[in-house]
């Protein structure tokens, strides 16, 4: 089994790219891989707890918590979060906050990097 | 290099795809990239499918989300699931590029 | 002012962005806008899918089953239910190889009487000229 | 002098479209027009107070407050805000929350509608 | 109709611009749309500038943000500011379209 | 693992999205990544601007003066200051009519010794093959 690091930057909220990222993470964890996830740019929207689960919107909080429970490390870009007004107390349980160097460091030992950085 | 390229758009705004070369290339169509597998604009295959030497994959979940089924997929393209994408990344290719 | 006509134009495919969905939900909101308006005033929306936007009107979208998110199809059917005209550009369907039987044509299961109208771009152009305001998504 | 209603939906945070919208509003107010602004989709990011003013990020809160002081009506899509976890208590002072019908109703009497809805 | 069209992208993903007709059309280049006013790809003017009968404007703030100046702007295009855009919307045109 | 090489590739113009900026700030963060790494490990980033991404490297960007936001230029100069290689694709400059004197070539005012390198796509391709991981923006 290997280690997969996902860097998730989707610029478009409502783009389903976050949903895609969590489904990939879920499938990788199910196959026994160690998964790390870095959320940056607009993907830090996951760092605000208390999102109302409307049917019209993706809602990944539940899946994220399950994956954390199964050992996925998930860290959010602290500056990106603060710039959007998401403070420490807004962070969902189990999610870490760090600077960008956390993501860079993960690239050293990971077997694969899947950087989702496009539009 | 062994490279897995991901396309998530129908109207593309980069030209890296045309330029990048790889000894082994897999092109994975996800999100709105699935239209390259099912839409024949003016009766023609998407130019994406003419990338020489590449293997093509399309994510079934994203096909069905948009009202398409495996039966409508271009014969050059293999329909796969999320687990298959993980296997492609971890086993078949070494690097990824989300264009 | 009386009845103010609005044309919502959706130009891009679904799901990549929230915009096609927002076009539909905003247009549907015209139904309840009277609480903010004077007596006798109303807004009359039409939604038109043009260019790659016609891909929003492909039927059998499984967004709810797969991702737990309301499909664009669901919003289009609700639009028909409230008698809001839904127009889809014929030339773009042809260009993208879409036949009418692949498209959302009605919402009879919900009790809608109105059906999708397949129109030429010329008809949409005419409507652009006729309405008070344009909203491109 | 006329009435201008801006509908602001930029899907891309970091796209400068929000900055553009506030600059247009400012220029219109300076010319004596009545300005209404509707924030929907990802533009509801303005509905979270306490955004840290990093130099790397657009920061429109100050300009928004000035414009409200000069009579600009600014209303944010309530459902879009709740879906992102922005609650009533997060709303900056002077900003209203309403459903989408508020925007539709504004189109009736406004002289011009400038709907910024693209990508 | 009198229509003010706004383009904010360089690589466009819609074709409405080519199709819409107006008795009077103003094309306002803002954001990354400013590249249509200053970049000659392969030595040629942007196709946007060939829209028949239209008047072209570019926002100076967005030019300068991206490192360009009025001196580099195509002679078909008038350089304007935010106040001018407000005047175009309120006085010269009746409808707007942000494509 | 020793030194792990990373190639950051920026393919689209600045300001429309946060992505070109994030490419630069993430690449620069390699400087402080050692706190999370074992002794002897390091990440060695290169940032390459290709396609319309070369528009990020046009000089005299006034984003701070006009919008109060750090320019992409500022981040590119900081990259040179920390000796991070900044590559700009020559063929794309030519295609878009960009001359070297319009581009950010150095950051001497900040004390940077490294200069922007104008390279062919073939060189970037070669680097794609040489690095451990690719990060496309």
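Going in written order, the chains are labelled A, B, C, D, E and F, and every chain counts its residues from 1.
In the analysis below, a residue touches a chain if its C-beta (ideal position, glycine included) is under 8 Å from a C-beta of that chain, and two chains touch if they have at least 3 such contacts.
This one's a predicted model, so the numbers in the text were calculated from it and none came from an experiment.
Q: What chains, if any, are shared contacts of chain C and chain E?
A: The shared contacts of chain C and chain E, listed by label, come to B, D.
Q: What is the graph distance from chain D to chain E, where chains are linked when they touch?
A: Tracing touching chains, the least step count from chain D to chain E comes to 1.
Q: How would you label the chain A and chain D contact, same or different, if same means the shared numbers make up over half of all numbers there?
A: Mostly same residues: over half of the interface numbers shared.
Q: Using mean CA coordinates as chain centres, what's the gap between chain B and chain F in Å?
A: Taking the mean C-alpha position of each chain, the two centres sit 28 Å apart.
Q: How far is the middle of chain B from the middle of chain E, if each middle is the mean of its Cα atoms, in Å?
A: Roughly 34 Å, centre to centre.
Q: Would you kindly tell me how far, in whole Å, the mean C-alpha position of chain D lies from that of chain C?
A: Centre separation, chain C to chain D: 24 Å.
Q: Pull out every residue in chain F that's touching 2 or more other chains.
A: Residue numbers touching two or more other chains: 12, 15-19, 25, 52, 67, 133-134, 136.
Q: Using the touch rule from the top of the page, what residues of chain D touch 2 or more other chains?
A: Where chain D meets two or more other chains at a single residue, that happens at 11-16, 41-42, 56-57, 113, 115, 117-119.
Q: I need the residues of chain E touching at least two other chains; which ones are they?
A: 8-9, 11, 13-14, 31, 61, 65, 95-96, 98-99
Q: Please categorise the chain-chain contact pattern as a line, ring, star, complete graph or other.
A: other
Q: Taking the top-of-page definition of touch, could you list the pairs of chains it picks out?
A: A-B, A-C, A-D, A-F, B-C, B-E, B-F, C-D, C-E, D-E, D-F, E-F
Q: Looking at the complex, which residues from chain F come into contact with chain D?
A: For this pair, the touching residues of chain F are 15-19, 21, 25, 64, 67-70.
Q: Help me check something: in the complex, which residues belonging to chain D touch chain A?
A: Checking each residue of chain D against chain A gives 11-15, 41-42, 45, 48-52, 54, 56-57, 79, 82-87, 90, 119.
Q: Which part of chain B faces chain C closely enough to touch in the complex?
A: 8-11, 31-32, 35, 39-43, 61, 64-69
Q: Once bound in the complex, which stretches of chain F touch chain B?
A: Spelled out, the residues of chain F in touch with chain B are 9, 11-12, 50-52, 121, 125, 128-129, 133-134, 136.
Q: Sort out for me which residues of chain B touch chain E in the complex.
A: Those residues of chain B that touch chain E are 11, 13.
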